[in-house]
Structure formats: structure tokens, C-alpha cells
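First chain written, first letter: the chains are A, B, C, D and E, and each begins at residue 1.
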Amino acid sequence: MTALNGILKDRVLLIFLTSLVLTVFVPDLFGSYWAIVALNLMMWVSLTQSWTLFSGMTGYISLGHVVFYGIGAYVVASTFKVLPLWVSIPLGGVVAGVLALLVAIPVLRVRGPYFVILTFGLAELVKYIVLNVETSIGKSSRLLFGAPTIETLLYIMIGLAVIATLMTKLVSQSRFGRGLSAIRDDEITAETVGVPVVKYKITAFTLSAVIPGMVGGVIALKSTYFEVLQVFNPVISFTVVTMAIIGGSGDVRGPFMGAAFLLLLSELFWATIPQIYMILVGLFLIVFVVFAPNGIAAILWPARSRDSQ
Amino acid sequence: MDLLLSPQLLFSALVLGSTYALVALGLNLVYGTMRLLNIAHGDLIMVGAYAAFWFFTLSGLSPIIGLPLIALICAGLGLILYFAIFRHQLENVHPVERIEANSLLLFFAVSVIVQNVVALSFSGSPRAYRHLDEVYHLLGVSMTANRIAALVVAVTLLSAVVLFLNRSHYGLSISALIQNKTAAKIVGINVSKIQILSFTIGFAIAGVAGALISMTEQISPFMGFPFTIVAFVVIILGGLGNIKGGIAAGLLLGFVEIYVVVLTSANFRSILIYGLFVGVLLLRPQGLFGKTRAS
Amino acid sequence: MSDILSVHKVESGYGEVGVLHGMDLQCRTSKVTALVGSNGAGKSTLMRTIAGLLPNTKGSIHFDGEVIDKLPSHARVEKGLIMVPEGRLVFSDLTVADNLRTGSVNVRAREHWQSTITEVYDLFPRLYERQRQLAGSLSGGEQQMLALGRGLMGLPKMLLLDEPTLGLAPAIAKQIFKVMPALVERGISIFLAEQDLYRTLEIADYAFVVENGKIIMHDTGKVLKNDPKITNAYLGDSKS
Amino acid sequence: MNLLEVENIGKNFGGVRALDEVSLMVDKAETLGLMGANGAGKTTLFSVIAGHLKPSNGIIRLKGKTITGYRPDKVCRLGIARTFQIVRPFIGMSVRENVEVAILFGNSGYDSASSLGDRAMDILDDVGLQGLSETFAGKLTLSARKCLEVARALATGPEILLLDEVMAGLTPREVDDMIEIIQRIKLQRRLTIVIVEHVVKALNQLSERVVVLHHGKIIATGSPQEIAQNIDVREAYFGASDT
Amino acid sequence: ADPVRIGYSIANTGLFAQAAPSQVTAYELWAKQVNDAGGLDVAGERRPVELVWYDDESDPAKSAQIYEKLISDDNVDLLLAPWGTPHHLNVAGVVERHGFPMIGNTAASVAVREVQPGNIWFPTSAIPDRIGVELAAMAAKAGVTSVAIIANVLPFSQENLQFLVPALESVGIEVALNESYPPDISDMTGLLTQIKAANVDGVIALSYPADSFLYMGQSQEIGIDAPFQFLLVGPTISAFSQAFGELADGVVTLGHWSPHQANWSRAKPFFDAYVEAYDMKPDYLDTALAYMSCEILQQAVAKAGLDHDKLRSAISSSTFDTINGDVKFDGVENSITPTAFLQLQGGDMHLVWPENIATAAYKAR
């Protein structure tokens, strides 16, 4: 397959994938704190990659990515001790995918600012529906004692990060990806030259929901505690968008760089000057958007990121 | 249910609705004219609320009297942000979608910074003060003076803005500017003047809304986000950049919120509001009061 | 007679790319001046530079006795220098009537918009019929009329017309060519870039030929029309 | 059998009846000219055929098969390509990339036999855009964008080409060149063409038959010479009464 | 001597940031007091204390990460608790894994009983099942016959609701209205109009701080005059009394501490020291609990030193003298302090239930 060939030829990507896989040694080498940091990094990489798969490629900026993550977490939490985890975590992904498929047809009819705000509103709507369901069955929060160890969860999350990265890479190199960027540029023209716009948008949207669904499940297990407002927190969506844009979403390396950079920043600052860490993050973000609008990837690999724009 | 006919509900719906309209108006001016996704809008409201709180606590200055001052502070903040960050974006970044995505991040940053600066300076503890809280009974409605004041100020301000937009070419220029900046320049619209005006007026109105809200709610550095959401819901319902539509939608939302609780259950309040919002976006993306474009 | 517009050694372009390399030309007051040249020669670029959408990196532009090349575009409109752009650039989501009204936001025209709009409707009855329709849904030709009408709404002293008959049916195009002299009668000066060279050179008092961002020839319309160099380069062999 | 049949098509926009019971047939390898005043409904007809607009009533058939209401991408893959009068290039892509997308997704069915780039360059050669292949479409002049519209439509590998005012903005000389290009590619690819043009000279030279629309109705059909003589057309279109 | 390093996470930013100060002020006051008194008594040796803290951004998952760091990276000697139930429950897994004892404070949920005993203890007595029973008993005693309940849909309120309704019914109080509302409610007129129409003599609002505030303001306006009015969380915050003053007089709320209880000898001095230090009153619930957890830790360390095992058994078996009277743990729970309620009276707050620790008699509004 040419796509696979592409991956094997892409040395930078291979290095990334290897380093993702190498994180399995973090717990043994650096202890459990760094294992959690690694777990978080993998989580953000997975989420940001999957966001890029749809929003990065089509230009439909979704501010509601958290809804898939939340629904996955909900599936795992509500079937905890009922279904084995190897069933419930993938099930979380499937349910997220189905949710995406169901809402895709109406939602993808609107564009631009309307889409941005619609996705946000939809995520909030689902949040309140789940909240109501939970209260009506008398389960306002759930404890998940007896979840797997951090190490196990880290391994699963590394797997998800690798899959998410590969998925985004494969899509971006394929005819499918070419169609998606045509949609980003001008949807009507894309349609006119034969790009099956509706089918492509729905497929990409659905694909981009599956990984977050599983990530949400794993994170719920990590917290050993599930509360609706916590897993549907819109800040998660904002963070994903931030990472994607800081990293540069023209290429699979962007999301990785974005996630790693923000996490690094937070590790550097929250431990040393916690009081003003958030203010610093804010200032950093501004500097970035103003002076490096195409993200870190564009600074590190200027030529490649431009032709992938 | 005769509950529905209660003038008390009507009064509350009016107060809530006009507050929403005011909260959204400022956002509409900034987002509507420049496509800047100002998710820090709620934080400006918070700044207005804190300004009112401190004026009142330190000098006993009534927030109502202090309104011009508070408006000035927030307008100043708007000017600083415009010249420090956003002018550059508006002039040098293409296309519009790009500005929009960037502004989302920039305002996210502004929001984080403003919240934390306020939290650092005044601590995260919630605060409140008592002002104009005597209850009046009029036509079978009991109302606290501060809510009457909020209603009066909001309605006055909303009408003033509508009048201003109707009378001047500002309103038309705004609509033109949103759609096509080059064409706006061609017909002789002073683009930067409109942008500066939108920034200052938009921010000032947010500050005023915050001051009004501070009289009836407790305030904290992190109170802003729900207002940001409300503002977005309202301006989408009204049609982006459609100032009058936004005002109507704000009022509508206030009524929906109050009467939904009575008709169904308070529990469904958020579901219904977001449901309405999502539904309108799907069925009439140009907003309830926008004009259709058959494409 | 005086020059209302004079362009002196102007250089301009897009970012790094220079397009105009020392443009020199003058337009007479209350006359039609034409700009002729092939595809990509820089006609639109010059128009944009004069209107203030592009900055000139060198040279100067005088309008109505003043240097205007440092003024922002809206200030030039206020002085009565109004462009009708190529590709129309109407406000798609505003109605036809509102589009026309935007034409008169400048201080000079503001007061008179109601009387001006009646004149524009007289000129283009089609726009009157369509006044409540959103401009984006107009036919291509109708949008062109709207762009022209919007330009007139600004009460111009001088109109910069970039391909004003583009996409217009012959009847309307003919009408536009009739309107131009009428506008000139009223004291409006016209600077015209237009692909319909026969008619253009017909009505132009004076014309400039541009190639690669430079003026290579200029003379009265009549002279150029019969110049074999022009005929070969732009008019082709078959005459219609 | 006719390649394309348009039967009793009507299209309303609110109160405006943009198309009113329009019926016409296009034969294989024919060039049909579509003439009509501004707002007559020409572009609307193209949009209905290409699937961008759903007709209020009527049927469109391609080789006898009803395609009314198909989405534009499907219509394109069935072999009908259109250009936009108000041009819509992918402005973030180079000229070559614009064409590549059309090759990938169009009717031709891309096989990796010859490289995508080469095939794109061939097409650009045909329309004379080869020199601009790496230029971003956003930086083209209007007339170059019109050419790009043609190239992109060709790249989808159509049987039927709907050309909407591709000559607007060209000098007479350039119009002559363009006529030549169109005649050449038509022969090379055995194309069927429907063309809308206000440059009457071009329309007459290219078309074998001309249909005239007025207020959404067909008011005349015939050879270019016949149309030129038609009194109604002269009044409605050329504004001949006062010359 | 080397300082004793004590770590915790706080919600300095984010959703819960407004709740954090009530807890942190207690920690800081305590640390200052200990250091001023010559240091912490570590099994006989005096060592200064040093607080090590990080912002958890109101994210419970982040706070688990922070405790992981405090324990395995920073090697702190002792831990104090984060704010709120979700954070406690997230951290419970961490301290359990490391066998690191920690006294919790601001967590209140029946779920805490599911936590493995041995590494974490909860001095609070505000646990929903007990609140339900006690509140019903108190209302019955106050002569309430029918109540209207409105409850936030957030976990703590809903848990309370679950136990409260049966408890009320079992003491024969009619529940005339039972409505839940979402956390982002911004106007309660609809609910309050219904309450007013229900004509009850008791209103129980299972509210969070922001909605307590909303309730108080709008119920004034609409003129809800039920003699018994209960608000779950909020009235103990000083901004509440600042805003409503005597208007809120008679409101009953959750809390088991008061400076007026003369039997708790440490209570008044703590209150005075707090007011002196911060120029405002402590939160009677969270601040008191946070301070208690420090006292318990202090006394256990004095006895057992810093060794985790010794400390663990000292905490599990000793009785501690706190600002809230004696505290002793049974499993993870405080077995002495009763579930109690406070009432705002004349701008001050008094324990009114249960009667054995009451500092004033309940007064109908």
C-alpha cells in the first residue's frame, strides 16, 4: 500500500511513533508520578490527533470534542463491574462513534462560526441530558474502585495515541484526505469536481469521535471517580483546540508538538511559580498566536508544513 | 395554570431577558463586526462587577452612579486589547476563518489572564454587597429596587444603542464590514474606526452589565463563563451581527427560561435552553430574526 | 483644463511581488480616460492602488490637487474618488437596497442618499425590482449593475471603473457605454479599464496602454483605435 | 438518443420565477449556445443541471437516466462538469493542485498509471495555464481564474461541459485564442458543450445551435444566423430597437 | 532542625477556585501558629513546618497527579487534603497505593465509606444519610408539617435529597413540592412562585453557594415567609452574611462548629485568631473542618512522629482535642461529632441542633 509506504518513509513520524511507544518504560524508570504525566501526554496526543482528523482537515472547528470523551467515560463508568474492560472501553469508542454519526447529518449542514458554536452547544446539551439521566436514576457520582493500575492504563493509552496518530497520518495522505482539504478550501467547488462532500464529512466526523470515546473511558478508570460535570468539562475542548493550533494542525506532527509543548509548559511552571502559572500560559498563548500562527510544526519544519496547508 | 399569568413571572422574565440582551449586545458588537470569538466576554462582565463592588465597598459609590466610570474602565481595557493584539490580527491575517480561530485562542488567553489577575489581586473568595435591596410592591408584583434599577438601565441602554445604530450609518457599516472588508473599504467605510468603536462600546456595555449583575448576585473571579455562553446563545438565536435580532433573542431567552421552569420542571431548564439553541441553529442558522438566503 | 488625477512613477504590488513598475499617467477633469492592456498587465492593480487598497511603495498620486497616496481608502472615497471593482464585491448577505445605501456612507453623500437612490433605480430598473433581494442571489449581470449603482451612490467626482460591463448582456453594456458620457456631462471624471476595446476607445478622450506594469503608449482614443500595433496586439484579426 | 434532456424545468425563488417550463435536448458532441439577458435564468439552469439547485418541477435526464435531484458530486462523476460564472477556485491551493483534486475525484476515475502531476500539467497545457501551475489560485487575475475554471472542469473528465461566461474580461484577441482552445479540446475529447456567453461573437462561432432564454422561458431556438435575425431576440437581448 | 514539609493541592484557579480560600486560610493560619510556637512537635522534637502546595486547576485528576508528585517526587513528610469530595476521592487511590496517611476534611458523601480504611480519615459529620435523618428530626421538632424541597442536580445535593425525602416522610412531614434544578440556573422566580403557591411551612433548598445566594435574594423579593428555611451550602461563607445581613436571619444551614460552644475550649481562640489574621469570619463549615484536620495531624505527629505506620495507628486509635471538641475515628468516619445545623441569628451563627451541643435555641423565622 502506498499509504503505508508513506509512513515508513516519513522518518520524523517514525521517530515520533517510536518515542510514543518508548513511554512504556516511564513508570519503571521515573516512578508513578511521571507515569501519570506520561498518561496525560498520551491522552492529549490522542485527543488532539483525533480532533485534527476532522477539524484540522476540513476547517470545521469543533468546540465540542469533549462530548465524545465524556460519553466514552460514561459508558465505562456505568458498565463498570458489569462488562469487562476490554469490552466496555471499545464500547465507549463505538458509542461515541454512533453519537457522532447520528448528529453528523444535521450538524454538518452549518459552517463557520455557526458550526463552532453549535458543537459547543451540542456538547453542553448532551452534558445536561446525561446529568439528568444520572440524577433521575439516583446516581449523581460513581466510584470506580478496583480499576487497573496506572501502568496498565498507560499502556492502553499509548496504544490509543499510536492508533490516533496513524489514523490521522493515513487519512491525510490518502485521496480521502485530499478530499477533506478540498472541502476546507471551498466546499461548493469540492462538490462540483466530484468530492462526495456529505459522505466524507460524516465519515471524518465519525472517525474523529471513536478515539476520544475510548480515551474518556480510560481516564475515568484512572480517576476512579466519575462525575458528569468533570468529564464533560468544556475546558477539555478548549485545550484540545489550543494544542492543535499551537502545534499546527496541517500535519500529524503538529498535534503531538502542541500537546507536548503545553504539557511541558505546565510541568515547568506549575511546580515552580504556581501562582502565576496560568497567567504565564495565557501570555504564552498570545505570543504564540501572534508570532507563530502556523504553530510549532511550521517553525520546526517550515517547508513541509507550508505545502501541506 | 394561573401561575403563568402571574405578573411576578412577567417582571422576572423582563429583568432576566433584558439582562441577557445587554450581556449579548456587547458580544454581538465584537463578534458580529470583527468575527472575533470573544470567549472572554463573561470575564469583562466579571471585571465590571468587581469594579462596582470595589467602588461601593471603598467609597460607598452606588454602582448606578458609577456606571459611566465602570464603562470607561472596561472600554479602556478594550482599547488596550485592540491596539496590543487584535488590530494586528484584523489587518494582517487572512482569511476570516483564520482570524476567527486565532481570536478564539487569544481571547481564551485573555480570559485566563483576567481571571487569574483578579483572583490574585482580590482572592478567589466570592463577594457580595447590599445595595438597593428594599422590596417594593407594585401592581401585585414585589420587586427589589436593584432589579428595577437593572431593568431601567438595561432598557435605556438597549434603546440608546438601537437608536444610535438606526440613526447613524454605523449599523449599516457594521453589517457591511462583517461580510467583506475590502468592499467595505471601497465604499468608504472607515474600517478601523468602526472596529475601535465596536471594541470600546462592546466592552463598555459588558462592564455595565457586570455592574448591574453585581447588585443581585455574588461575584467571584470565575463567574464569567456562564455569561459568555448565554451571550453566544443569544447572538446566534438573534442572528450573528444582527443587533436588533440579538436584543429580541435575549428577551426571548429570558421568557423561555422563566416560563419553562413553571411549565415543565426546573430540571429541564438547561436542556431546553441548549435544545432551543441547537434546534434553531439547525433549522435557521441565520437566526430567528435573520433573512434567509436561498443558496 | 486640469488633471483631476495624476499618477507619478508609482510602484506597487502584492507583498514581495512587484506588479507596477513606475506608472505614469494623468486623467483630465470631466473626461473619460481609458486604460488598455492584456490579461495580467496590471490594470486592476493600478486601480486598487489608486483607491488605496494597496499601498504604493514608490511614486505619488495626486487627486483634485492634493497628494492622496498616504490617505486610507475611506478618506479617498470622501474626497470623491470611488472605485467600482472588478469582480463586483457586493455584500452578499445584504439586500440590494442596503447594498446601495452602503455606497453613500461617506460624509458627502450621506445626506442625499434618498434622491441618489431614485436616480440609480431609474438607471437600472432591474435593481428597483430586486431591491429586497439579497445581493448574493442576484444573477452575475445584476450584481455588476449593483456594483456600478453602489459606486454612483457615493456621489463621485471621479469613478474608477474596472471592467464595468463584465458579464453584462449587450443591451445593458450598450447602455453603460451611453451612461458614461452622460456622467461626464455632469462633471464626473471617469477612469476606465475595459475589455471591450472597440467601444472603449470610441468613447475615451484619451487612453493609456499598459504592458507589464508600465505605460507603453498613450494617445487619444481615436488615434489608438486605428493604430495597427494596437489592432494586432489586442483586437485580433477578426472584427465583429 | 439525446445525451442530455431537460424537460419542463421550473425554478422559483420566493416570488421570482427564474426558470419557467424550460425544455431542451443536447446531442452528443453538439455545442449548444445559451443566450439571454441578465437574469434570464442561464446560470440557474446550469445550477439545476449540475445539482447545485433542486428544480421546483421538471426532470433532467442523462442518457435516458433521470438524474434530477442528484447531488453535484454525483452529477460530476456521471460526466457533467460546470464552471462558475462567479469564479470559485480553491484559493489555498496552487493552480496545479486545483486541477489534481478534480482529476482525483471526477468522472475519469484516477488510476495511478501516469502521475497525477503529469496529468494535471497536460490539462494546464491544453488551456494555456502551464506557466502559472505553481501559482496560488488566490493570486491569479480574474481572466486567469476563468481559465482555471475551464481547466478544472476538464480535469474531471466530463462528457458534457457547461461553460458559464468563461470569456468575460478577455480582450478581443484573447477571446479568439480562447475560442480556438475550446474548439480544440472539444474535438480531442469528443465533448458536448453548453455555453453561456455575452460575447456574442464567441457564442456564434462556437455554437451549432442557440437557445434564447427570456424571463426564464425559451423564446427562440435556431442556428446562430437565424437567432441574429429574430426580432424578439434583437429587442430582448441586443437592445436593437434604439440603434 | 529541618522543616517538616507538608504538601497539598488547592483549586487556586478554575471552577472551584472560589471555594479554595476557605480551606487554605486555615492551613496557613495553622502553620503560622505552629511556627510561632516554636515548631511542630514531632515525637518530642520541635521542627518548623513548611507548606508545599500546587494549583490543581480545580481538576480532580490533576490533584491526584499532584499528590503522586508530592509523595514520590517531592518526598513531603505529611499531607493535607485537597478541597471537595471529587478531589478527595481521586486522591484516596493515591494515598492508598503509597500507604501514606492523610486526614481529609471537606469531603462529604456516603461514598467516602466505600474508601478502604487505614490511609484516609474524614472528620466531617456532614454525611448525607445522617443529614437527612437529623434534618427531618429537627424540622419535626420545630413543628414543620409540610415542606417544599428544591435541589441542585449536583452530587452532594442529590445525595442529600435521596436520604432526606424518606426521612421526612417517616416523621410525618409532607413533601408538597420536590424539584431539582441545574447548576447554571440564573433565575429562581419560577421555582419560588411555585413554592409560594404551595403554602408550606418549611423550605429546604439543597443548594450550592451560588444558588443559595440566588435563593436568598429572590425569596426576599417574592416574600417567601415559611418559618423554617434551610439552605445546604452557602450561608456559612462570610460573603453571604455580608450581602444579606439581618435579611437572612433565621436561615438554617449545614455545619457542626461554632465559636460559641463553650465546651470546645479551642473554638473561640481559633475564631479570634482567624478574624485577627484575615479580617473576616471563617467559613463555619470548610474552614473549621480544614483547621480540625490540621489539629488532628498535629496531635498524632506529636505522639507518633513521622513514621507512616506509627502515624496510621495513632490516628486510628487516639482521641483528639479539636476546635470542634473531641474527635475519634471509627473506620474512616468521625464517631463523636454529631451531625449538626447552624442558624443565622442576629448576624451571628449558632449551633441549634442537636440540642446537646446547641449554643442557642432554634428560632422560627
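The definition used in the following text is that contacts are C-beta pairs under 8 Å (C-beta built on N, C-alpha and C of every residue); 3 or more make two chains touch, one makes a residue touch a chain.
Please read these numbers as outputs of a predicted model, since none were measured by experiment.
Undergrad: When you check each chain against chain A and chain E, which touch both of them?
TA: B
Undergrad: Have a look at A-B versus A-D and report the one with more C-beta pairs in contact.
TA: Of the two interfaces, A-D and A-B, more C-beta pairs touch across A-B.
Undergrad: Specify the chain most distant from chain A by Cα centroid.
TA: Between chain A and every other chain, the largest centroid distance is to C.
Undergrad: Please flag the chain sitting at the greatest distance from chain D, going by CA centroids.
TA: Greatest centre separation from chain D goes to chain E.
Undergrad: Express in whole angstrom the distance between the two chain centres, defined as the mean CA positions of chain C and chain E.
TA: 75
Undergrad: List the centre-to-centre spacing of chain A and chain C in whole Å, with centres computed as mean CA coordinates.
TA: Result: the chain centres lie 51 Å from each other.
Undergrad: Taking each chain's centre as the mean position of its Cα atoms, how many Å separate chain B from chain E?
TA: Comparing mean C-alpha positions, chain E is 36 Å from chain B.
Undergrad: Chain A: which residues touch two or more other chains?
TA: 128, 132, 135, 275, 278
Undergrad: So which stretches of chain E touch two or more other chains?
TA: 12-15, 153, 180, 182, in rising order.
Undergrad: Two-or-more-chain contact residues of chain C, please, as numbers and ranges.
TA: In chain C, the residues touching two or more other chains are 137.
Undergrad: Help me check something: in the complex, which residues belonging to chain E touch chain B?
TA: Residues 12-15, 17-22, 150, 153, 179-182, 184-187, 189-191, 193-194, 197, 209-210, 213-214, 217, 220-223, 237-240, 242-245, 247 of chain E touch chain B in their complex.
Undergrad: Can you list the residues on chain C that touch chain D in the complex?
TA: 14, 17, 38-40, 44, 86-88, 126, 133, 137-145, 163, 166-175, 195, 197-198, 233-238, 240
Undergrad: Which residues of chain B touch chain E in their complex?
TA: 3, 6, 8-9, 12-13, 15-16, 115-116, 119, 123-130, 133, 135, 142-144, 147, 216-218, 220-222, 226, 230, 254, 257-262, 265-267, 269-271
Undergrad: Quick check on the complex: what are the chain B residues that touch chain C?
TA: It is residues 169, 172-173, 175-176, 179-180, 182-192, 291, 293-295 of chain B that touch chain C.
Undergrad: Quick one: which bits of chain D touch chain C in the complex? Just the residue numbers, please.
TA: It is residues 13, 16, 36-40, 42-44, 85-86, 139, 141-144, 165, 168-176, 198, 200-201, 236-239, 243 of chain D that touch chain C.
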